[in-house]
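Chain IDs A, B and C follow the sequence of writing; residue 1 opens each chain.
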Amino acid sequence: MRHKSFYRRDIISILDFTREDLEQLFEYADKFIEYGDKKFSVLSNKVITLAFFEPSTRTRLSFEIASKKLGADVITIVGEEAVSIAKGENFTDTIRMLDTFSNAIVLRHRFEGAAKYAAEIAENPVINAGDGRQHHPTQTMIDLYTIKKLFGTIDGLTYGVLGDLRYGRAAASFIYGLTLFNPKKIYLISPPLLRAREEIIKVLNDKGINFEETTNIEDVLPYLDVLYVIRIQKERFPDPMEYERVRGSYRVTLDLLSKGRKELKVLHPLPKVDEIDHDVDSSPYAAYFIQARFGIPVRMALLALLFGVEI
Amino acid sequence: MRHKSFYRRDIISILDFTREDLEQLFEYADKFIEYGDKKFSVLSNKVITLAFFEPSTRTRLSFEIASKKLGADVITIVGEEAVSIAKGENFTDTIRMLDTFSNAIVLRHRFEGAAKYAAEIAENPVINAGDGRQHHPTQTMIDLYTIKKLFGTIDGLTYGVLGDLRYGRAAASFIYGLTLFNPKKIYLISPPLLRAREEIIKVLNDKGINFEETTNIEDVLPYLDVLYVIRIQKERFPDPMEYERVRGSYRVTLDLLSKGRKELKVLHPLPKVDEIDHDVDSSPYAAYFIQARFGIPVRMALLALLFGVEI
Amino acid sequence: MRHKSFYRRDIISILDFTREDLEQLFEYADKFIEYGDKKFSVLSNKVITLAFFEPSTRTRLSFEIASKKLGADVITIVGEEAVSIAKGENFTDTIRMLDTFSNAIVLRHRFEGAAKYAAEIAENPVINAGDGRQHHPTQTMIDLYTIKKLFGTIDGLTYGVLGDLRYGRAAASFIYGLTLFNPKKIYLISPPLLRAREEIIKVLNDKGINFEETTNIEDVLPYLDVLYVIRIQKERFPDPMEYERVRGSYRVTLDLLSKGRKELKVLHPLPKVDEIDHDVDSSPYAAYFIQARFGIPVRMALLALLFGVEI
């Protein structure tokens, strides 16, 4: 089952994969969903390191559960320990140590390119659990899988991506992921200050994707099948005053959603702050809790493919 | 073995249980003691979340060991990560995420009612590992089990509960737990500023318990079979000056204990600070280390009953 | 296989062992290396506590992996939780709790003698994972094992120990470890302010070891088979100004090493800061990454011997 696209491969950017790769991953995730809570022992000889130099409880827990459900042992670097490592020794030595100690490194880092750099040093696979402002490939795998499960397809749908497109890496990575499929159209919806950066626009143009930038969610909402919302990435603003100027600048309410298609689904990588009204949570529009749930089977599938184990 | 009182049930307050429930739990704990260090695999398909929004090493470790000894996988939120979650998203979303990721949530929280609220949101069982000033049901299960093991019975004994009865939830919960049995008498012993709050007194009156409030430990010590001591809950005082006025206001010494019954046993939920003299530790009065040890089999019994597994 | 020198024994100082003890340990470590990534279940009924009252990611992770690879469950106290315990209750109570909860305590502590004191309290074995300025026995076991693997012997070689010999416990412990064998000569190389303390010199004299103190690495480098480098232990300087006077006072470069024997190997307990030039990392001199890797099989061997289990 050693699928060439995953076996012992570094997982750095969603753009490194093809739709066929992802479809195989999704089939594998389906299997894990069928198995329910079952615990496997296929990775019982493996140690997986979760090195979170930037906090992310949700991603960390989801990787930890996925790893343990496959029988792997997990070691974790997080919080002040991560900070102190980052201060005390160079990143190269840290990665070498973790590579020596374990069979794969799941890395979260504030700096763009950290995962790629780590992958160059480490002999074992490195999985990017989010670095910088652009890449979060496993989140995108989960997002796309969720859409596949909800709509049966990722192609031919109209997408809105709403929010902080300037600093939000989950959004950037999601947009990149869509380019592997055939979206009908992608609307990039954001306040002017939070517009998608040039590199994102360039990828869309290069891939010939039908897209449009707008500041007004109400205008485009009626066309959407999927609305992907992200929070304002406060922690990545270089200037706190700039953050103050945009905070609360968008908010998804039931009233707004009622102007769209009945089948419209709202996704969000979570945690959400105040960009989605609580009333939406219990409506049929809300797909973000099921999306969170899919984090575990999709990451189990990825790890199983990465280590080339049959289940 | 799906005992209706425990199977898939939220564990919020000791008052939700009957003495029959607890007796069944104790029988189950006996079994785990007989098995010694043995590790089981009955919960190997389960993930248990330890979400400690307020620190508590002892309770956390004891739940972690109990869970792992039954074969469960454990994920932990603690320390600054817990603080950052508490700041970053609403509690409802956090509980939903944890409920999605795991099969049970063990919750510690500063706010009264947090566990109950979480239980309303979560589909899976929530176990209150201490919230607010009143409830810590699993600690009480351990306390009562310890008394049962030491005296063969919980009924008919005379109890003293000494210390910060105003803020100490272990004490409040212990007093509530005693009301499920037939204590001969309960003495509530505290400095005037730390008297038991009205709600505790009300429960004792409603249940027709023979009790007496006093500020003087020496007067009542000769009558006691069990002296339950708690530390002053410094972290729950709204005013630090108030804490200064009561610190060091009670202290259990060997000299004091020598005025009581030979069979007198001193319990303490630990950690203790300076309210018990170190000389007491190695005396036959001290039961708090065995009490700590019982934390593991009692919590194993609770988890086994909760998930309805045979051992 | 209950080797009397290890079975249920506290591991406090490398000086408590004989070369025969260590040779048996090394044979055992060889076995684990042969087994590769294999996970064992020999300690599946055991709980091992990692209590790191002073941070040390590398040692912690290496013990955690070694424990889990043998099937043990691991509980960890680290970071702010460790700090808060250290503040909140006396050390004796903490050790009693951990001893009650688990089958062995791996202890890291800032204070000299902490491990020995803990061992007097605990019924179960205590392993010193570094305390104070002198003792770090498991690091030394790894260091000596590395030399054995690289040179086939520990006897008859010429050693240089370079760096902060005043505060560096890995260096002190390594020097003590060498006294169990027959080194040809040991050079203690350090800036004047960081000379080895009297107690180290005394051990060397008492054991009749051929050694020499020097401040000049260049003079002695040509004679060395092994150069053991440690960083300046900034965190142990009572006076920050004193640290400023010695920082950067030694640095190992490829240029320097080229003046020594071709077979010269550089060891370092890691993390390194700037005392070894990055160019050295990829040279044949560098043995510190393989040394780090050996941490796992050596600690697995120690735990297996400690619990008297066959593999």
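Descriptive notes on the structure:
Criterion: a contact is a pair of C-beta atoms (placed from the backbone, for glycine too) under 8 Å apart; a residue touches a chain by one contact, two chains touch by 3 or more.
Composition by chain, UniProt nomenclature: A, B, C = Aspartate carbamoyltransferase.
Quick caveat, the model's predicted, so the values are computed rather than measured.
Here the C-alpha atoms of chain B line up with those of chain C after a rotation of 120°, rounded in steps of 5.
Interface of chain A with chain B: the two copies contact each other largely through different residue positions, with under half of all numbers used appearing on both sides.
Per-chain CA centroids place chain A at a distance of 40 Å from chain B. Residues of chain C in contact with two or more other chains: 79-80. Taken in their complex, chain A has these residues touching chain C: 44-47, 73, 75, 77, 79-81, 84-85, 88-90, 92-94, 96-97, 100-103. Residues of chain A that touch chain B in their complex: 36-39, 55, 57-58, 61-62, 64-65, 68-69, 78-80, 270-273, 278, 281, 289, 292-293, 296.
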